[in-house]
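Please go over the structures that come below.
Two complexes follow with subunit A in common, the first pairing it with subunit B and the second with subunit C.
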Partner chain A sequence: MDPSIIEFIGEKSMISIIPNFSNEPLHLVYGSVGPFRAGFPVFVPLWLATHLRKQQKCRIVPPEWMELETLEEIKEEEKRSKFFTKMPCEHYMVVAQLVMSTAPDDVPRCEELRTIIKDIFDIRESKLRTSIDAFIKGEGTYAKLDNLTLLEIHSVRPILPYSLDHIARYQRMATASQRDTSMLGLNTTGSASGTGSMSNSLFTQ
Partner chain B sequence: MSTREIMSDSENVEQAPNEHELSTEADLARAYEGDDDDDEDAEPITAQKVLEILETAWTNEMFAPELLQHQSDMLELMMSQVAHMEEQMKDLDKNDFRYVVHQMELERIRYIMASYLRCRLQKIEAFTQYIINQDATYDAADKRLSPEEAKYAQEFATNVDEYFSKVATRYMPNQQRGEAEQRIVAPNLMSHVFLKANVAVSGVIVGVDDEEVDLTPGSQHIIPYQLVADLIQKNQAKLI
Partner chain C sequence: MMNYFPNYYSIEDIFVTQEKVECKVNTRLQRLGFLDAGAETEDLEPGRTINLPLWYIKELKVNNSYFTIGVPDIYKNVHKAVCEAETTHIELGRLHPYFYEFGRYLTPYDRNHVIGRIIFETLRQRVRHLLDISKNDGESKREHRLDNIESKLHEAGLRTNTQYINWLQMSGNHIRISQLVEEHQKKRKRAERSDDEGGDDTDTPTSKKRSTM
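Let's turn to the complex of A and B:
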């Protein structure tokens, strides 16, 4: 899946803005937003926040977790823990990226935050790679992936499910051919159907 | 087709504000059941709910190897909601704040619907004969293809067959033409997918050796699709 779709999904997260205009509440299909009162914070979807910010119609209030101390703690915790820790936001990378690129001026110490968020992401990615390596070598077909965010899952989508599919296919072929060889002396029709199923599986994606 | 109306007051695209926390379960269950038989007593469903159902259907469809149940009813409701809103926005100034925001949201919704339908068409084109054959075995109420898609699939299959026969197979000796059944391309239902549980599900078989696990709400897993296909169907879990 295209990363832009992940961004699209992440843009639904709500974020607080301080508008510099006033307006009645808007009744969007996804839910109502507003009323907008100049100078008072209001929660809106991220896609709306970035749009308004680009029009200079609001300031974005960075989410609570987007703060150096909190992120330092998360980073340490992530380093300590063997498993993936729970992130403060399901789409933390998307939110951080969008907020910091559209409104760097609204985020205090933006550059430092950018670095530390990237650090957290890198730690998690390398953890993910290590565990995938162990998982595939252990010949598993099922794994639990709690606390991984959508973007992280998608970073391994091109390789993980695909390689597991291939391994599963080889295993099926192996069992099929084993059955064939054991049946060869006894039953010729069995081996014919075995080859049939093998050639079929070559056509499946 | 369903005769339910989306709840919508007349004044400038109003709709009931967030009441979804109260009635989520009932509405969702109703939406997922065949609703052709209970049009009379069906409660109005909010546009917000319809959108949620469509979004889930969209992501599920993107990640499932096979074609899932069609959502014509929901699509139709959403289409009429979009048309209705556009009708009401007609008189607003193009630079009006309300116009811009509503327009942006409608574009997002339209994208979801288009992407969803495109994704289904891709599957239909890839697994045409397989999908047609499968669909023939289902009851009328749980056909995977919508009537329009069924027509498209049938025409697509005929055209491909005709094309192959015209340019190639009729010039081949008989035994090389192959049987129609051998040419059916089937999706790999055992391909691995990422899954997120919506509710607690106990005793899901997760491996070839009948190993079982209990899924807790919100937990995420990677697992061969076929083992959890029924959970997706029953909306107990979604693909991510």
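Let's turn to the complex of A and C:
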């Protein structure tokens, strides 16, 4: 999956804008938006918001979580917690990226926010790699990772499923050859460990 | 890119199975002396050691009475590193470009069952390293460090990383008008011009860049 596809999916999330024009509701394929009244906030999908913003027809209201204190807290929480914390928005990276690149003037302290969101993403990404490592080296046959966002999953694909495929193949081979001899009575170490269940079960979300 | 799985046609599989394996002859094999360059007799005598390609060996039964298959030294050396969990320092590519696959084929012939465990453990320990290096840089590629499968995984990781970086910088991936539509529009424009209705440029298709940039 390409980041642009993830962006496309993320663009469906709703965001508040303040239009500077008035118009009847727009009837789109997926549903209606509006009506637009100048000066009154209205929720529209992100793609429409960026489109209107580029034509100078609205101001984007940054989502509640796009604020320095909130994000600081999230960052601290993320550092403290062993697990992935729940993000305020499922597509936080996409929303941040789009809003901040199309309308940097609508977001107070834009640059600082950009840095901190990047920090959060990096922390989560390295946490993801650490837990992958623990999972692969450990004995577990599956791992459950909650609260990961699409873009974070993207960062380990396809290298992770590929690696797991290979590991599973070699594990099967190793256990199979051991089982052959254990049947001959030469080697009595059990072969009861779950063999093929390892691959691709990392993301159960 | 698809994940690699060996099959009859995959070139990697052919390369791997070309590898020579050291075998000890157990029975007198008539008229096979030509396999051993140093032999003077027409038959292959028991006790001699010859190198046979893997594609031949792998069709033999594990406990066949003709040859005893020797385990290559590379796997013995790695064994120590595996025990000490120091596998990330091994230059696998230098040991053998197809370390894992070669080992996989030899697994059934290893009576001590080390090879199977070694390749499994080695890859298991090195995945983290692979994830790390594919995140950090694309430039300092030290080829001899990675085995063929690892460098493929590495490439996949690098590609993901470049995609992500490009996305962050909002470069690439502009939506273009499909060629069919473009041709059609050109044709229509030409028709319009010949009809001499010109001057109406409002619906001229401009090559629309991606709207969400």
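As a convention for this text, the second predicted complex is superposed on the first by the 171 of 205 C-alpha atoms of A that agree within 3 Å, B and C clash if a C-alpha of one lies under 4 Å from a C-alpha of the other, contacts with A are read in each partner's own complex, and residues count from 1 in each chain.
Basically, a contact is a pair of C-beta atoms (placed from the backbone, for glycine too) under 8 Å apart; a residue touches a chain by one contact, two chains touch by 3 or more.
Here the structure is a predicted model, which is why all the values come from computation and not from measurement.
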First, second, both or neither for A:Ala38, with subunit B first and subunit C second: neither
Which of subunit B and subunit C A:Ile153 touches, first, second, both or neither: first
Touched partner set for A:His27, first subunit B, second subunit C, both or neither: first
Partner chain(s) touched by A:His51 [first = subunit B, second = subunit C, both, neither]: both
Subunit B versus subunit C as contact partner of A:Ile136, first or second or both or neither: second
Touching partner for A:Leu145 - first (subunit B), second (subunit C), both, neither: first
Subunit B and subunit C contact sites that coincide on subunit A, given as residue numbers: 47, 51, 157, 160-161, 165, 169
Subunit A residues within the subunit B interface of the complex: 1, 5, 8-9, 21, 23, 26-32, 47-48, 51, 140-148, 150, 153, 157, 160-161, 164-165, 168-169, 200, 203-205
Subunit C residues touching subunit A - in the complex, by the definition given at the top: 1, 3-5, 62, 100, 103-104, 107-108, 110, 113, 116-117, 119-120, 123-125, 127-128, 130-132, 134-135, 149, 152-154, 156-157, 160-161, 163-164, 166-168, 170, 173, 211-213
In the complex, subunit A residues that touch subunit C: 2-4, 7, 11, 47, 50-51, 54, 97-98, 101-102, 125, 129, 132-133, 136-137, 151, 154-163, 165-167, 169-171, 173-175, 177-178, 180-181, 187
Touching residues (chain side subunit B, partner subunit A) in the complex: 12-15, 17-18, 47-48, 51, 59, 62-63, 65, 81, 85, 97-98, 100-102, 104-106, 108-109, 111, 115, 126, 185-188, 190-194, 206-208, 211, 213, 219-224, 240
